[in-house]
Amino acid sequence: MAGTLLEMRRITKIFPGVKALDDVRFDLNAGEIHALVGENGAGKSTFIKALAGVHQPDSGEILLDGRKVAMRDPVTAQRLGVAAIHQHAASYPDLSVAENIFIGHEFMAGPFINWRKANREARKLLDSIGADINPADPVGSLSVARQQLVEIAKALSQNARILIMDEPTAALSKRESEELYAIARGLRDRGVAIILISHRFEDIFGLADRVTVLRDGGYVGTWPIGEVDATALVGYMVNRPIDQFYPKVKAAVGKELLRCEGLSRAGFFRDVSLRVRAGEIVGLTGLVGAGRTEVAQSLFGAERPDEGTVYVDGKAVEIGSPNQAMRLGVGLLPEDRQAEGLLLPWSIKRNITLPSLDRYARGAFLSDGMERTAARGLREQLAIKANDVETAAQALSGGNQQKVVVAKLLATELRILILDEPTKGVDVGSKAAIYEIMSELAGKGIGILMISSEMPEVINMSDRVYVMREGRVSAEFDAEGLTQSRVLEAAMPLEK
Amino acid sequence: MMKRLARSAGGLLRWETMLIAALVVMCAVFDRQDAARQVAGLAKKDVFNPAVVIKGLRPYMLYSFMTLGIMLILAMGDIDISTGASAALSVAALGVVYQALTGAGIPGGLSLALSLAVCLLTGWLCGAVNGWLVTRFKELFAMIITLATQLFYRGVAYLLLGGKTLTFKNDAAFDLLKRLYNTVQIGDVSLPVMLIAFLAAAACYAVWVHGTAGGRRVFALGTNPKATLYSGIRADRVKFRLFALCGLTGAVTGVFFVGATSSSIRADAMMGYEMYAIAAAVLGGFSTSGGRGSVPGVVLSLVIFGVMKIGLGTLYGFADSMVNLSVGVILIVSTLLPNLLTAAGDALRLRKRRAQANVSSRALTSGSI
Amino acid sequence: MKRALSLVLAVMLVFGVTAALAEERPGDGLLIGVVYKQSGNAYFQAAVTGFEKAAEELGFTFQHDGPDDGSSDGQIRIIENYINQGVDAIAVSANDADALVATLQEAKAAGIKVVSWDAPVAAEGRDLDVEPASSKAIALQLLESISESIGGEGQLAIVSAMATAPNQNLWISFIEEALKGDSAYANIEYVGTVYGDDEYTKSYDETLGLINLYPDLKGIITPTTAGAPAVAKCVLDEGKSIKVTGLTLASDMAEYIKAGVCDATFLWNPIELGYAAAYAAVALVNGDITGASGESYEVPGVGTLNIEQSTALNEAGELAPTDGTISYLNKLNAFTVETVDAWVDIL
Amino acid sequence: MGEIQTETVASSRRAPSGVVSMLARRREILLLGVLLALLTGVSLRVPGYLRNNYMNILKGGSINMVMAAGMLPVLLIGSIDISVASTLAFSGAVAGMLMRDGYIVSTIGMVLTGIAIGGAIGALNGVLVAYGRVLPIIVTLGMGYVTRAMIPMDWLLGLNKIARINLTDSFKVFFLDHYRLGLPYLVWFAVVVTLLTGLFLRFTRIGRRVYAVGSNESAALVRGVHTGGIKTLAHAICGAASGLAGVMWLGYYNSVEKTTASGDEMYVIAACVLGGVAVTGGYGKITGVVIGALMIAMINSAIPQLNVGNSMITEFVKGLLLLAAILLNAGLRRFARRRELLGRRV
């Protein structure tokens, strides 16, 4: 194995109001995949941004090949061979694949860009990593997985020696992840060093050679991957044992609350039938793109299905809008909580009361006191960590933001909750808290439809599990004694 | 204790407070100038005193009703640049219908009531068409849609009037409209009817916008439309109603405009009024990106614009165009200033933190040696 | 500080006294507010020089302004500012004859004398209207000139300003009347009027439309200073042998007059018009005249102007006497190849 | 199920066939079709319309086209400029004043002055938008007020109205009386400006960054693109084009005054929107803008000749047409999207 390629020492970074990195160190060998883990807010992203030149550390030094360097800006970092593939693929959706790959170092013919050559070279690069993508297509028309491949091709085109992959598999299906793993291993074998940031243990243990843990902006330690297991890693990340990770209590299952028959929406799903009963947590899983979120949106009235009937309490209903859905008692916790769940600049209180505003009115006028009382109650109940309910939602951590979205649904006294990836991007501690809330709600007789890609979560939290494949329900299981392999089997696309 | 003090200090820096301060400073400067002019014998009389200014606010209140409508469109993060045109169309409808009705021998009073109803309905309809298009074609911007309807409404107004001016001379019933531009004598002060009407309307708006669930939902929509929709709020319905309401406020502006211009009705009326209204709403604290703003702020900003134009015109002899120039500058500065202050504040806080961090890390280092 | 102030006062007093001693002028101490249709318009700038000249002679002070956008409500704003300042008289060229009436009535109620000039305000809103020449005289002058240019036969069109402009409509109606009634114009075929809205491009496009619609068009009358250059430019660009006449500024039209597009164009002297309006205003304020029919006032260099009953188009489209009064300067300048150069710097 | 798609999302790219979808993707073609249809309609009513008027359409459209070409980069970065008409009038007036007072004699001097004045105003807009973080509509609304108000600044510049008499003879004849390949210089200016804009946007690095900023600003920022600079540049280009348009206006009409081009910014934006430029930024082609500008020029020239009896109908038709065009555009894209979804295998 080649020697140390990158060394970062005593990195400290301060933002208004928070010390994001405190004396963090990190080293990276050529031809190595080094995982960087930690809860949300542990400082991984800031650390990476310091390396990629987006942020300037307030103190500390970065050594590349043993020489001290300053990552003044992203361009410098790029020139020094550092390339980042971001969590939300940071490409230009309107521009072509070739252009995305070569932007910033285009092939020029005099003062003009040589588009023909760009397309040819892009094709070569994509072929070299085994990606079958037309260089002339706009990137916006590609799937997330393919957009990441474009990003990798772009990094390669810049002769990157250090590749930062920030949550690369977060939006990928199992199969796409496997493809990405293969490409990452291929790059490692070519001598590229990879920094892998991920919440998924599958990624970490399946791919990494070493792992470094950060906690609360500080450095915890670095271990070869063989010397740690998942439990130990979680322990380092949260610094507290998690005894009851899946606090699932079987609740009494009551009458049917929600059912759909033959629900179809062109291009997304077809002939979907499911039901949710009181007190039941129903898992809905499948690969990303199998149509789960779209089914949820149709049940919630955000998108209209083309065919099929929805029954609430056994009565056929027409759900044309989220408003109608909520009046029928159906609530949705959307997948992207920042974009769809929260009003970030607004206070916790106002976020919580928004769906149920009419309740806090005296006569025609809103009563701040009533709002505050309700919000405080829910904050206690869900243990939302914040100074008080006047704190803006954007100041909260991911897990606490998710709790606020849950709280606003709870304030409306819904009977059916559709939770779309409730723990995605949520740190370990908050995850446990969210599971607990789910259990509690089910115990109160609320029916829960939980969409999730995380197998252990699906199996351990659900009473029943539906699996979707390519827009259709491919299987229904009782969660009792269900194994990951059976679920996967139902979720994986049929091979030719 | 300290915290509470800090919070009230923060409250002092609120936009409305700054507007009040600006108004007070402006009045003080104008007052001095007025006195100086009188001493120097340049002025025939006391030009700048409450009575004169309040009465003088009249022409600057013409677009005030429209501002109420447009500010809520801004609060939703949309924009409506067709309101001036839809107001002109409403007024054209008023004139044409009145002419037809009186021509058909229907008594003036009844005709006026009917045609006023048609006028308001036309304004509402114009707004409703905007609202329908905006909610129906979400991929298009309100700016583009209302740009097209602006040309269209104005065009229909021209068609209706055939390019002529409609006047109803010595028509007792129609002359009632002129009274809308009158003043009511209260003590020494003659209060414009329009000012009273506007303040009443603004009060209703303030209560509605800041006190009720409906108002809260408007700001929610401007802050994050998707999350608001997912919170079970009928976003399209809210949007449709606000656009329709905006059209209606345009029609109300139109009715007052007819009163102000001695009941003469023409298709090129109220050209560019929507821009005045947007300027007033923005100075009042509404952001064109939505989610922000207050009704008292807008009332203040309308008064500030009025007082400024009166003062610059009468005391400094600024021409009408110079006044417009000041409006432009104020518009830019009033939005630029908060941005700069925020940026400066952030930088300052950051430097403080850094200094603190350095001290503490130095302390640590020295301790470890 | 106090001493400085008293010094200033003393100086002012001395000046005031010497001024008063030197000559008692009829306009001393008077403030007149002048309102025109739009700011930045050369024609009104010229009229303002007339007011300046009168101010020097009569001793009054005046302010002048026009709205940025040429709107009636803009004029209302300006008039209300003048009322607040306590002017003694307002001299206004109205964008809309009726729109200003209520505001001007308020001014009259406050004891302010109102003179309209160039474009009249409806009778209820004014004390006196001062106009360069009677509408009929202007209309006939234009028609006679164009008829001469085109040899008394062929197609004739009119390019007007706004369709709402009252003076334009009055001229057009007199032209139409003469075309119908006067046998001298029997061979002229009148094809109609288009409206250029006093906008350069619109006037140009409308003229182009006319030319294409009527390939045999021989003459165009354009009684608007803002539209005339566009009309002449269009004719010149199209290379047609169409003759143009109208009410124009000399500087705008010198080129076209020399290029042969126009044989003669006409305009009263706006400087004289402003000058006369100022004299009328001062006479009204001083009570020399009340604005009643039959009175007259003296304007140096122009002559004695008689005040008569004004006329306007009624709803039936006929010219009928109104309640208002008017006085005409009755002087029209012709700009021809010979004379135009002398005028370009003035108009 | 014979053939199975493994990636539902990715397979959505499979372009559906059919004329409608093709039209939806190539908005420029659709637009050209509409233009031709309009032309045919007018020609039926006014025989020989095109033969008699093509030059007027080109001449009348060239100023709007130059401004629209300048507006394109601004819309591409997701911004807007509603001060272009005021910039035109201001630049034209100041350049004309400099010529009147003898500071500029040559036409090229006028052109450069116009570009410089307009470019400076545009750059100021850009700085306020990019660095002052003021919303573009507010900045340019304010700037429009300011520049328009400054036009009759006789108190400052002794400026009143620029008329033929103020211009040199060579300047007066330059734009309309000099021809190359059968087209007057005025039209050539439009041709050159649109060509340059197109080349710049398609084939230069900075041009592509304009698209990049409009497509994903934060990504561009992270990638080291000087987004503030690009935004300022885009606005400066827009201003410069408007400034040039001001000189062209002076060359065409030989007159600039306070109200010159007042309200024309709406037609500039309309030309871009008709041309399929996305006001959200990131998408737009110069060809579309050219067609859009021609369409508006055609409406302007055609309506007076249609002899519809009411010359007041122009605005009405323009609004109706713009509305119809954007709705048709949206409807087609929806239809294509629907077809695409139905074509997808689930």
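Lettered A, B, C and D in written order, each chain numbered from 1.
Heads up, the rule we're going with is that a contact is a pair of C-beta atoms (placed from the backbone, for glycine too) under 8 Å apart; a residue touches a chain by one contact, two chains touch by 3 or more.
These numbers were taken from a predicted model, which means no experiment stands behind them.
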item	value
Partner chains that subunit A and subunit B have in common	D
Farthest-lying chain, centroid of Cα atoms versus that of subunit C	A
Centre-to-centre distance between subunit C and subunit B (centres being mean Cα positions), rounded to whole Å	36
Inter-chain centre distance, subunit A versus subunit D - centres from mean C-alpha coordinates, in Å	42
Subunit A and subunit C, separation of their C-alpha mean positions in angstrom	74
Separation of mean Cα positions, subunit D and subunit B [Å, integer]	30
Contacts with 2+ other chains: residues of subunit A	none
Interface hub residues of subunit D, defined as touching at least two other chains	148-149, 151-152, 258, 311-312
Residues within subunit C bordering two or more other chains	39-40, 68-69, 163, 195
Contacting chain pairs - touch in the sense defined above	A-B, A-D, B-C, B-D, C-D
Footprint of subunit A on subunit B - complex, ascending	207, 211-213, 216-217, 220, 223-224, 226-234, 236, 291, 346, 349-350, 353-354, 357, 361
Subunit D - residues contacting subunit C, complex	46, 52-53, 56, 60, 148-149, 151-152, 154, 160-161, 163-165, 172, 176, 253-255, 257-262, 300-301, 303-305, 307, 311-312
Of all residues in subunit D, those that touch subunit A in their complex	1, 3-10, 12-13, 199, 202-205, 208-209, 211-212, 214-216, 218-220, 222-225, 282-283, 338, 340-346
Complex contact set, residues of subunit D against subunit B	80, 128, 132-135, 137-139, 141-146, 148-152, 258, 266, 269-270, 273, 279-280, 310-320, 322-323, 326-327, 330, 333
Residue numbers on subunit B that touch subunit C, as the complex places them	40-41, 43-45, 47, 52, 55-56, 58-60, 62, 162-165, 167, 169, 178, 181, 257, 260-264, 266, 268-272, 309-310, 313-314, 317, 319-321, 324
